Amino acid sequence: MLELRLVQGSLLKKVLESIKDLVNDANFDCSATGFSLQAMDSSHVALVALLLRSEGFEHYRCDRNLSMGINLGNMAKMLKCAGNDDIITIKADDGSDTVTFMFESPTQDKISDFEMKLMDIDSEHLGIPEAEYHAIVRMPSSEFARICKDLSSIGDTVLISVTKEGVKFSTRGDIGTANVVCRQNTTVDKPEDATIIEMNEPVSLTFALRYLNSFTKATPLSNMVTISLSSELPVVVEYKIAEMGYIRFYLAPKIEEDDEDTKP
Amino acid sequence: MLELRLVQGSLLKKVLESIKDLVNDANFDCSATGFSLQAMDSSHVALVALLLRSEGFEHYRCDRNLSMGINLGNMAKMLKCAGNDDIITIKADDGSDTVTFMFESPTQDKISDFEMKLMDIDSEHLGIPEAEYHAIVRMPSSEFARICKDLSSIGDTVLISVTKEGVKFSTRGDIGTANVVCRQNTTVDKPEDATIIEMNEPVSLTFALRYLNSFTKATPLSNMVTISLSSELPVVVEYKIAEMGYIRFYLAPKIEEDDEDTKP
Amino acid sequence: MLELRLVQGSLLKKVLESIKDLVNDANFDCSATGFSLQAMDSSHVALVALLLRSEGFEHYRCDRNLSMGINLGNMAKMLKCAGNDDIITIKADDGSDTVTFMFESPTQDKISDFEMKLMDIDSEHLGIPEAEYHAIVRMPSSEFARICKDLSSIGDTVLISVTKEGVKFSTRGDIGTANVVCRQNTTVDKPEDATIIEMNEPVSLTFALRYLNSFTKATPLSNMVTISLSSELPVVVEYKIAEMGYIRFYLAPKIEEDDEDTKP
């Protein structure tokens, strides 16, 4: 039997909103450790990895490992019916082909339960090795979202270049070119306004803005975003989820056949 | 001659917004008692009854009973041009085929008058007998609107079941089932947050969510909604309008041919 | 070389938003006096004149007169990427066929530069003589915008009539007629709430609401709008831009062939 009670139910609502457009169907994996998901986006270019650790739940009961195949669009529809202050409980009986989402209003005056059918989804779990990155940029998530959105009004791809001084986002399109430089800045009033750069060696990589923009749907989950870059590896765009986990997006850099095309 | 001066003009704006999508053309009836309307929706399934008592107007002059055939969409367009703090006066001369809406800004610096042609509309006034209801649910109007909207993302019809403990709204659709239970709750800080159930006998009735959702356009008119249910009668969804009247929506329950289809 | 540094960068963003739908391509003219633009709208009916005086810039360097042909939609796209508190610098090298917009965040942590290609645009600069007007109406810009929007839900043209007492806006359409009268009012708490009428002789002129509505996109630039009317001349709708200039829209009155058609 599975019964996971999450007091801050809005977190789960935000998680679904941030991945439902990227991934159609996916398996949620429940184990003693936590509630997790790993899935490729529908065009098989980007990878999403979600972890909500069991300690983050008020009550976490998972008698045996369980993999629940779920249509994320439908699950998002149901979670939209939860109030932002509602407590959400996820329930599934052993061997059942359904999952139930229960929403309790803070005053307990309104209790809703939504039941949905599970699906069989083929998926292979990819092992993602912990890697060393050339550069790790930590910056306000709203700033990163703004930059990705702004640049996509000019071009389709972004060249991200990290030096000790800062990180530069560049694009080029029919109407012109654009460069946005964010300087390292640790002396801020609020820690979440800081831009912090850890760099082992300079790195310059090009990515499709369409995917980065999609990743930024996770912005409501966290004030900060961490972007980890290495020339040989997919970029990792990570949003921490409160004290309990993270959502990570992986995207391979574009190989530039025509240098002129994307490098401003 | 007709001259009705309504200081809280925004009420009339909200009334029109709440019925213009349900009813195309209708007669407004003016008598010494008040300003009223009774009309079937365009698919002849639901009935709207509006009453604004004469006492609610700052000035109310109606020399003889008058029935004014009006296209509600056009009237709504004109009322949209009134400011939310404007005083609205409705004027019609005897025998005239037009009606004039006058809007005065609170400072009297801006005075507008909008004149529209009246129409001849055939309509028979239905006598709606006062009835005894099996159950009357009074609840926050925003909560009722939220539930109808949420459930219509899952299914097309809602089963409303009232017991002494509370009222349950249930639906079922392709993606699953949903139940929302609101418990009786009278010990609230603000009276408009209460959910109050008066029940003579339990009742369970099914309605098309499309119509209920349409009724909830009246939500801005009142913090509370009253839902009166009887197995033999149309449901009445009532929104009180300040101290001066009400808007009531009537809808016949669906006869369930296939039990499995709508009963979760 | 051209280098214009505008601390209140949001002004330039608002200027572009207010003209980009009216004019596709236009020459910005830079001289020692200021940064200006004059252009006909794409249907060659209305004229826009913009002036930002050099004194309004924190730094203003313009070595020689320069005319820069620009697609306003593309420029607006780039300026949308500037934050509302950003400092904007416009830069162009002598003989260069590009212009660069630089945006600096208030904390200097984020610096963006956007470069766009210039175009060759044929245009003749019209001399607009200073004229005597029969009537000049100064009123809150939001009120003027509201009236133009409201009336265009009823009719296509507006008859503006000025008397000593006030200004009347009238229209007529399929669903009826509308008149909005704004009274002269100088005894207001805030000067920007005043409606002030300077009149030499009464004037009544008809204009296409489509254009007036387009002009009101400049509303965010100023709390006040000035409407200057003469029977022989195009109306001038002027929005002052802070201490540094103005944006003026010119529109010829409609000659009324059929009196009944537009005169309510």
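A, B and C label the chains in the order they appear, each numbered from 1.
By our rule, contacts are C-beta pairs under 8 Å (C-beta built on N, C-alpha and C of every residue); 3 or more make two chains touch, one makes a residue touch a chain.
Model, not experiment: these values are computed from the prediction.
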Quiz item: Counting shared numbers against all numbers at the contact of chain A and chain B, is it over half, same, or under half, different?
Solution: different
Self-check item: chain A onto chain C, rotation angle from CA fit, given as a multiple of 5 degrees
Solution: 120
Self-check item: chain A and chain B: spacing of chain centres that average the CA atoms, whole Å
Solution: 44
Quiz prompt | Residue list for chain B, restricted to those that touch at least two other chains | solution = none
Quiz item: Hey, which residues of chain A end up touching chain B in the complex?
Solution: 71, 74, 77-78, 80-81, 98, 107-117
Exercise. Spell out the part of chain A that touches chain C in their complex, as residue ranges.
Key: 143, 150-151, 153-154, 175-183, 185, 195
